[in-house]
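Chain IDs A, B, C, D, E and F follow the sequence of writing; residue 1 opens each chain.
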């Protein structure tokens, strides 16, 4: 494995960036073309696909009745999982989720949690005994860079269109009705990931950019009470950020997340 | 489990099909960027994505054999593809189906042409409504073609079943659940040879022969759709190239 | 790993087959010597060993009280498992069942299911709550070819001699009595496997034949209402079958399964 | 758990044996076709099959060492070998017993004679009624001999126990469950050396010495049976060869 | 979950600390014999042991890369380190933290100096009372120094949080559980660069900036303690050498 | 991997032993310096560290409410586990416990069981329904030889200082109180391990000695009714013992275990 090709590519990417350009023609803060489709599956209670450039992700939502955690007996459980399918990249292998898939799922999960997006108390069926477990399964179908943002978006859009089954409790037996209500969602966190290459930040990095980046920083924003709040953040990769780069990344993410939230609220694209 | 009739008195099924009628099938080729070949199929409500990598260097290396390529297949169901969430870990059923799917496709591939390599076929069932193995095999042969892998023929596959004492073509979930026999087959249509046959349930020899003939007829319909899709796909590509 | 030896062996086997002969002296539709022994273990509720030539298989039956499947709340569960023990062949390794062992168990299982051999409703203890789980464990002890038929036969014979514990239910508590009734079995499926080598079919293939075969086809027959029915079928291996070969295989399997069923009903050998 | 006496007033045990009496033991050699060596033992109701492969090329290769062969052992219980079905996945107990069985047999093998190879000993407990590790070790040495592996001596093994304050030989399940000490040992009888000793329970030093002597005596009886079986097995083979 | 105030009216926290006050931190270097470098930290009630091996030959070998060493980290919690016993199998949380800890330390290591090798960092949380990842990173840089691995700088780490609408430094368990935001960071203090930042909860941009500044201040305090420990450790070693 | 270095070392160790000496200056029956610290953790219900020379081990005790075993419905459960942490030795790897760790845990466990050290009936909460599971987790922190004795000692000392939560049962619901009683412990088993090298026995072997030993023998003694009893024994390693060596080992272990028990009872060191 020679490092010659990446280092040439890196120099090329950095040279272009000096004049604010990228190898796929975008500006440094431009996202790739985005296509969101929701309710793409009948058997899932919610679903969405996201195409971000050629990156392709699907998220599906399933409900299951289960036990609450002992320390929060009156709240349902959100479980976010990610599978890096071997068909999505020659670098992915079959098997249980590796550290990349686990990190991704936990970043997505933390943004939802930080934003208090889902009212988990409304997922309680019998206090202390039975609650809804909401499974959010993210499947990476084509890996062309920036899986975090695509996955966060697909999960968000799938949850937004999710219909929750109603239940009836008779003598401690739960009966699932054939009626549905929307999932109790309020705040919409939007995650923006930037790659750092040299001293430049690249919004929505492509696979080429990720291969040569020093590190990445993901920042999720949510609007609450008319004000933008950071609700999750994660640096990834073995590089460093200066405090100035961090602040710059947060500011760019704030702007881009607002743009993206508008698109989501307007129903995609 | 109410006693709902699956076949009406005028011989129509719950979704309005005749006994020998297949569901709407739509193939799409070249849907993924990274995979060397890919195909997507909607087969009634069944939705499956197939990606193919290879021929490529065997990994791990000890898999390689000196006189041919190794074909590997993984059939996997998404947790959200079924009514009750399925664990993403491969079940015994998925492991068996991965094996029979591989053995249904391998006879069509000129494996001797690529010694010491592997061809990997990955199928993801995004939604399951019966016939997932048949849909996987049929879509995978298109993905193999998309990957430019030389093949003796496409492999076309469909299932027949016995439902309320009648032999019917291409069962969906509800029919399958209450049916009394199920028989998926796969053939190479232009060679008239079988690459997959499985069966369970109860069929007399006469029913079996009838079922087999109906399945062959169904495979020919699938084959027609596969070829149409391939032709228009390669036409598009050609047109694209001419416009360069 | 050279392919010269197998290809010489294959030519030899095919040449012999032209005159209807096999390397171990059998005719193409002859089975190897069969020895069935039942009730070979005291601690299992049912057991049998099968020797088919040098292929040696044991099946043991155990009962366990468990929960029914939600969609069939009033039926017990049959669970068929196969272990390819490392002592049985230099090609078997320790570890969880691989695809060969899983396929074998599922073929055996489907023949039982297809034939509706066991009345699973009679395995229900408390409807919707407690049922018998019947564990059928197949252990391959010596692998000399045609494991499917030997395993199907060992499992069948073990189940036929299985004694089911009686239970008493008092206030929703299950008490297992020290009394036994036979397992409710009616139809006896018999599986016959044929190897295809060239354009010939070989009943009950030996290891030598399996090593060079193009593919195999297994067909299970059961007699119901005085008529033979196919109750399971499976092609295995990366070769092809012509429709004529398939029909021929089914016809041979019909004859051979009847012969074999007679042996089973007459108490083995 | 009723208070049943395990030893009668006239010193007989629940199966009628005297305190120092072993159960009927029957060895059989050469019972498997594929294995390089094999043996089967019925030891009371305990039934165990042992197969030996090797010396053979180490697999995976990194196991190989340059100056001797590696001995590996797997002790495994069939799910149907015990009252309550046992999961086929190896338990902690099976993993420990595999280790002590290997270490009980390895001293008897001339491991230096086969550098870079492995010898694999696979034992399947088909029915367990006490003393399974001792029966495994005793049968495995016959299987090793059957495989033609040069050995310093056979290894003979048996367990002693304290039951109702008495030291008894070769305990079966019921005695073991209610016994207050259990001590399996293995020796190379003609060398008078110990290759396995384990103990749990409570024994004074005097009881321990008594138990140890009884165990040695038991091992000698096992040894006698092993040798008789071997002799008649090789006689048979010789006779078979003369008839060729 | 009673409504206990976590911050008193005079701005003190449940353990009596001011908002910007860190807990008592005690590092110890060279605590293990086998490891090439080691450190132990008590950080309030949090207790962590870190051992470092390397640079050493990559194992398995395919991990090796030709132009630098591979850094690996394992963050693991003892079953008895928390209120409810934790299974010793690595959880998803431990797997993620192992990754971010590795990525927080790797920028400080001159990885190009040791091609084809690995450096392995193993951290065991013996008792967890908040800030375990920060304590691990801070102790691990001392263990790396103890192993003689050339570094650009130490890595110093601490967490800030929002508790009852105030930004506080170095939260312990109880504060964390009821806090509304948590942000661990790690820096190389003499370089003023960030090697780890994570956050969840809700912070306005202004709160974030305030939190970040407070965290940097906290890291400098940790850095001071790290350097003091290192200096007295190497002084001791030097004294020891002179006495030889 | 050459065997030259170990064989030189072995000859050296054996030569020294002829005059009753060891490479670290000890006599053949001397133990290394021992440091015991108890109650080293707050979150564990019991804990202890043991340093035996440079060997370093920690044991922690946790309680959990669980189901009893069906055959002993009125007794709690003691579960001993050992982890050979990768930081403790270059020869240890991450992953589930291997045969060495499992053997060690089971030897420690058997000594406790053999000695009937813990009155498990007093760990029963609701007979047949709910019992205490006592988790004894042994972590090897630095492996410098004789892990068995150090682990047995750390577990023993941790258990001796363990406080057991009191419970209250109201209508079949278990409430754990914030009160504690000592764990019901009576007999104290002490395990002594000896390495056999050549025809000599070495008490408390160091790593150097273990690397060249033929085998080891561990013997646990407990005092009951004023008399010493052997309560566990285990030979390890692929070597042999003569009957005389075994008897000698038992006699030495008897003496050393009495010495060690005095130290434990006097509060360590």
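In this section, a contact is a pair of C-beta atoms (placed from the backbone, for glycine too) under 8 Å apart; a residue touches a chain by one contact, two chains touch by 3 or more.
Computed from a predicted structure; not experimentally measured.
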Neighbouring chains common to chain B and chain D, by label: C
Remotest chain, chain B as reference, centres from CA atoms: F
Taking each chain's C-alpha mean as its centre, the one farthest from chain D: A
Geometric centre distance via CA averages, chain D-chain A, whole Å: 58
Distance from chain F to chain E - Cα centre to Cα centre, in angstrom: 32
For chain A paired with chain E, centre-to-centre distance based on mean C-alpha positions, whole Å: 27
Whole-Å gap between the CA centroids of chain D and chain E: 52
Contacts with 2+ other chains: residues of chain E: none
Residues of chain C engaged with two or more neighbouring chains: none
Graph class of chain-chain contacts, one of line, ring, star, complete, other: ring
Order of the ring members, counted from chain D so that chain F is second: D, F, E, A, B, C
Chain C contact footprint on chain D (complex, rising order): 32-35, 38, 45, 47, 49-51, 53, 56, 74, 76, 78-85, 88-89, 120, 122-124, 126-129
Partner chain D, residues of chain F touching it in the complex: 1, 3, 71, 99, 102-103, 105-106, 110-111, 113-116, 215, 217, 222, 224, 227-243, 246-247, 250-251, 254
Residues on chain C engaged by chain D in the complex (per definition of touch): 41-44, 47, 54, 56, 58, 60-64, 81, 83, 85-90, 94, 96, 135, 137, 139, 141-144
Interface residues, chain D side, partner chain F - complex: 1, 65-67, 71, 92-93, 95-96, 98-100, 102-103, 106-107, 181, 183, 188, 191-205, 208-209, 212, 216
